[in-house]
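Each of the next two complexes has subunit A plus one other chain: subunit B in the first, subunit C in the second.
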Partner chain A sequence: MSSLLRDLRLLGIAFVYELRKVTAWRAGFVVRELMRSMWRPLVMIFVYRAMLLEPDARLGGYDFPGLVGYLILAASFEKLLFHQRGLDLADQIFQGYVTKYLTMPVRFFVLALARFVQHIAVQGFVLAVLWILGWLLLPQWWPQPHSAAAALSALTLVLLGSYCAFLVCFVVNVLAFWLDVIWTLSAMASFVFSFAAGVLVPVSIMPEWLAGTLRWMFPYWAVSAPVELFLGRLDPSALSHGVAVLLAWIVALELVRELAWRRGLGRHVGAGV
Partner chain B sequence: MRDNGRVSDEVLIEMRAACKRFRTWKRKEGVRGFFANFLAREWQTVSALEGIDLTIRRGEFVGLIGANGAGKTTLLKCVSGITPVSAGSASMFGCDSFELRDEHKRRLSMVMGQRSQLWWDLPAIDSFRLLREIYPVPREVFERRVAESAERLGVADKLQRQLRNLSLGERMKMEIVGAFLHEPDVVFLDEPTIGLDLVSRETIRRHLVELNRSRGVTIVLTSHDMEDIEETCRRLVILRQGRMLFDGALVDLMARVYDRRAIEVHLEPHSAGWEEALAPLLEPFSAKLERSAPLSLLFSVPASAVQRFVPFLFERFAIRDLAIERHPLDMLIRQIFQERGPGAGAAP
Partner chain C sequence: MGALLHHLRLAREFARVGVIRKSQFRVEFLTQVVMDTAWYLVHIATFEILFAHTDSIAGWTQSEVRVFLGFLFLSDAFWMIWLGQCWHFGRELKDGVLDSLRLRPGAPVFVYFFQRFSLEACINGAMALGWLLYALADVPGALGIAGIAKLVWALALAFWARTALSVLFTIAEFRAVNSDLSNLAWEVSMTLADRPMDVFPLRMRQLLTSLIPVAGLSTLPAALVLGRISPFEGLLHSAWIFALGLGVFAWWRRSFRHYASALG
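Our next item is the complex of A and B:
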């Protein structure tokens, strides 16, 4: 218990430290944190406009304003999702910076976890500002929650999904103990994740066999499902299904993370690092 | 500068017949090799450490030297518990190094000259606050230690400045302030003065000697700079290809240093240089030719023979310039490398 309290206390201090780090480089903060995940949905708005030129044209049950609402929500939720650039563990492993932490009386994962907490805090704040501006400036386009419970359900799923994404990032970074192609893997993982999450195209309008498969993957429950819950297009009972899928993924990814880290440390032997 | 404190009998670090071996595969060349690398890898075992016996007691200041790839960092990693030994044993504070618990880790610290642990975009004080929580150190003790160490190292006014705006020397001083914040019993310093100017190196050495003397902190220092070793360490361990070549008191080694002089001779252009036929002429002086270039020669001579040897040199060569210096430690270490093969063990 005292170890848990110590970890929590360290997490708090490390969170402040990470917050200071992320805001220290101002240009990087604006480009990487504030504007992240804004451009692709913006492009997709023009793509959907071109596809749905007729006034009553629809795509899988969505009209154009509905798709714009979907894209705004998907972009918002994607901002909350942890991403590969948020963790520089692979660099630390390659360059040997991780070595010194290994002699410290600390679980390294707690320090990495502080990155996740910092990410949620920063992106949560950015989103709050963005949504207030959206409601004030674009009230006819900005999506409204179906109900307060729907909004809360969506947020719960996004946060759990973001933690899954963080664990995947951690595991991919830990592969740096074996491989030197981590950034290629990250870019590939990010592309697959975007597709499976339905960031650009709602999963519900994909072919049934594909949508059915994706419903067992955590990215769907991290973006597409929360968006549809928020809009009331998904039955509220989906929440329990989503939470169960995400928790199962968290347990599996935690096991993989622990195993990869232990095995990786056994290989951390490079000269001079 | 060496004014180290008293060494106690308490053993803090112990290695017995410690070996560290890695299994790696041999990368083959060419197109066939490209396929063979995938289909039929040829595995080989690389030995990074072999049969290391090492005992370090509380209060010692040990210099660990060796060429690149000699196994210095691997030894530090095995001792500090980052990686397990493949055979034999490595222990610290009486506990298997790879099984160190948090209470043991609180007693050690590591500084890596080429791997800053402080965050580039933040002032050092922010990173220290994180370290305060990791180790943990009470707030008032933390404030006092930071102020004292920073003052002693001359960086007290730089604590609030972004690390990226500090010089290399100032950054390393900050690393050292951070490493000693929790008053560790054992500190590993891996090339802490690499790339630093003379004044910074002096300041850091003096600080380390002072901490070793006043607090009895055990320091293991690896460095390629022999001045670092000479001015701080009392004991020297030399590694070569993973084996211990020498383990003994630096003062014994230095006795050999003080007994000899290095004479560097610069010859006039187009004059006669060194010839093998001259070698027997050096024997009456017990002199040795250490280095020979077309226009410069370096001799190692017993201090007592200098007076006779210099006139001999002027007689034999057209000398443009001549310099007599204390026998440098690195020359002596090179001799040790030459005298003992890679398979040789430590000195008794």
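Our next item is the complex of A and C:
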């Protein structure tokens, strides 16, 4: 119990420092945090516009305003998902200065977890501002939640999905104990995640064999499913299915994280790779 | 002619060093090949899924978009093979580590931007070329003598546009040190280049064809080979992008004169 309290206290302190660090430089904050994950959905709006020129044209059950709403929501939810830039653990391992954290009487993972909490806090604030502006300036395009429960269900799935993404980032970073450079793996994970999550193309309009496979993966439940729950296109009972899939992924990823970290430390000599 | 041979010798030396460096990072070699393959597959899958619901996107048919993607992949491979160093420009400018460029073993633009040869990207380039040839097999006459000549022209245009844009975006770093603006501009323009320019409204298309010639990366080369634009129109675009590239290089050289080692 006392170690849990100590971890929580450390998490609070580390969170405040992470927050101060990320907001210290305003131009960088705007470039890196505010605009992140906005461009591709924006470009995709033009693609869908070109495909759905006729007023009654539809794409897999979506009309053009429906797809705009989907993309706005997908971009918003993607902002809440933890991303590789949020962790520099691989650099610390590669250059050997992760050692200084290991000599402290704290669990290293709590420091990384503070990055996750900071990410959710910052992006949550950015999203709140964005959504207020969207509702005020573009009310005809901005998506409305099907119900308060639908919005809450969507948010629950996104937060669980974001934790899955954080664990994947951590594991990929820990691979630096074995590999020299992991940025390629990070980038690859990002492409595949984005596609599997249905950030640009709703999973529900993909071929059934592909959509069926993606429904077992956590990215789908982190973006595409929450969007469709929010819009009322997915039955509310899907929430329990989604939570079950995400929790199973979290358990599996936690085990992998623990194993990889322990094995990696076993190889670490504190002098960089 | 002598200067050209000198720079080709420099490029050969960069390639030699790049191959030696890569022999030290074998796993990265493999992961980078796999990463780019994943990037190709995601793009192909996205369009194949969209074309399961429609016959054309902004006038581009499925087989035309496949050609478009071929140029996108090949110009990206060119960038990865030769121009990967530009990604680090902002940081290196801030840290003041560009002094060696002052020694001028060649044109500073060439020496800086072409210094990081990537062997693994050559594998991806071969894959991208395979995809482009597969896509062109569906286009009548594209693989005849005239078609091959147009293909070479289109590839030269795509590679030149990549180089010009890479250099253009880094100029922002001279004005706003450590702003990350060049990488941001690169990410945005690559996102725009991922789709045929015809999906955008007229004004935006004009901007992306003229002042910031993102269309030169894949849309214009594909349009030229597919006959969506006439050779004369292609010539005008090529001449403009060539001239713009020369202007950009001169602008970069002038900006570099203000560089001091302690800039950061």
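Methods note: the second predicted complex is superposed on the first by the 269 of 273 C-alpha atoms of A that agree within 3 Å, B and C clash if a C-alpha of one lies under 4 Å from a C-alpha of the other, contacts with A are read in each partner's own complex, and residues count from 1 in each chain.
What we mean here is this: contacts are C-beta pairs under 8 Å (C-beta built on N, C-alpha and C of every residue); 3 or more make two chains touch, one makes a residue touch a chain.
Note that this is a predicted model, so its numbers are computed, not measured.
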Which of subunit B and subunit C A:Arg9 touches, first, second, both or neither: first
Which of subunit B and subunit C A:Tyr97 touches, first, second, both or neither: first
Touching partner for A:His268 - first (subunit B), second (subunit C), both, neither: first
Subunit B versus subunit C as contact partner of A:Gly61, first or second or both or neither: neither
First (subunit B), second (subunit C), both or neither touched by A:Pro105: first
Partner chain in contact with A:Gly124 - subunit B first, subunit C second, else both or neither: neither
Touching partner for A:Pro236 - first (subunit B), second (subunit C), both, neither: neither
Which of subunit B and subunit C A:Ala24 touches, first, second, both or neither: first
Subunit A partner contacts - residues on subunit C that touch it in the complex: 24-25, 27-28, 31-32, 34-35, 38-39, 42, 45-46, 49-50, 52-54, 57-58, 176, 179-181, 184, 187-188, 191-192, 194-195, 198-201
Subunit A to subunit B touching residues, read off their complex: 9-10, 13-14, 17, 20-21, 24-25, 95-97, 99-106, 265-266, 268-269, 271-273
Contact set on subunit B toward subunit A in their complex: 20, 22, 48, 68-69, 73-74, 77, 80-84, 102-103, 105-106, 108-112, 114-117, 119, 121-122, 126-127, 129-130, 133-135, 162, 188
Residue ranges of subunit A in contact with subunit C within the complex: 27-28, 31-32, 35, 39-40, 43, 46-47, 49-51, 59-60, 179-182, 184-185, 187-188, 191-192, 194-195, 200-201, 205-207
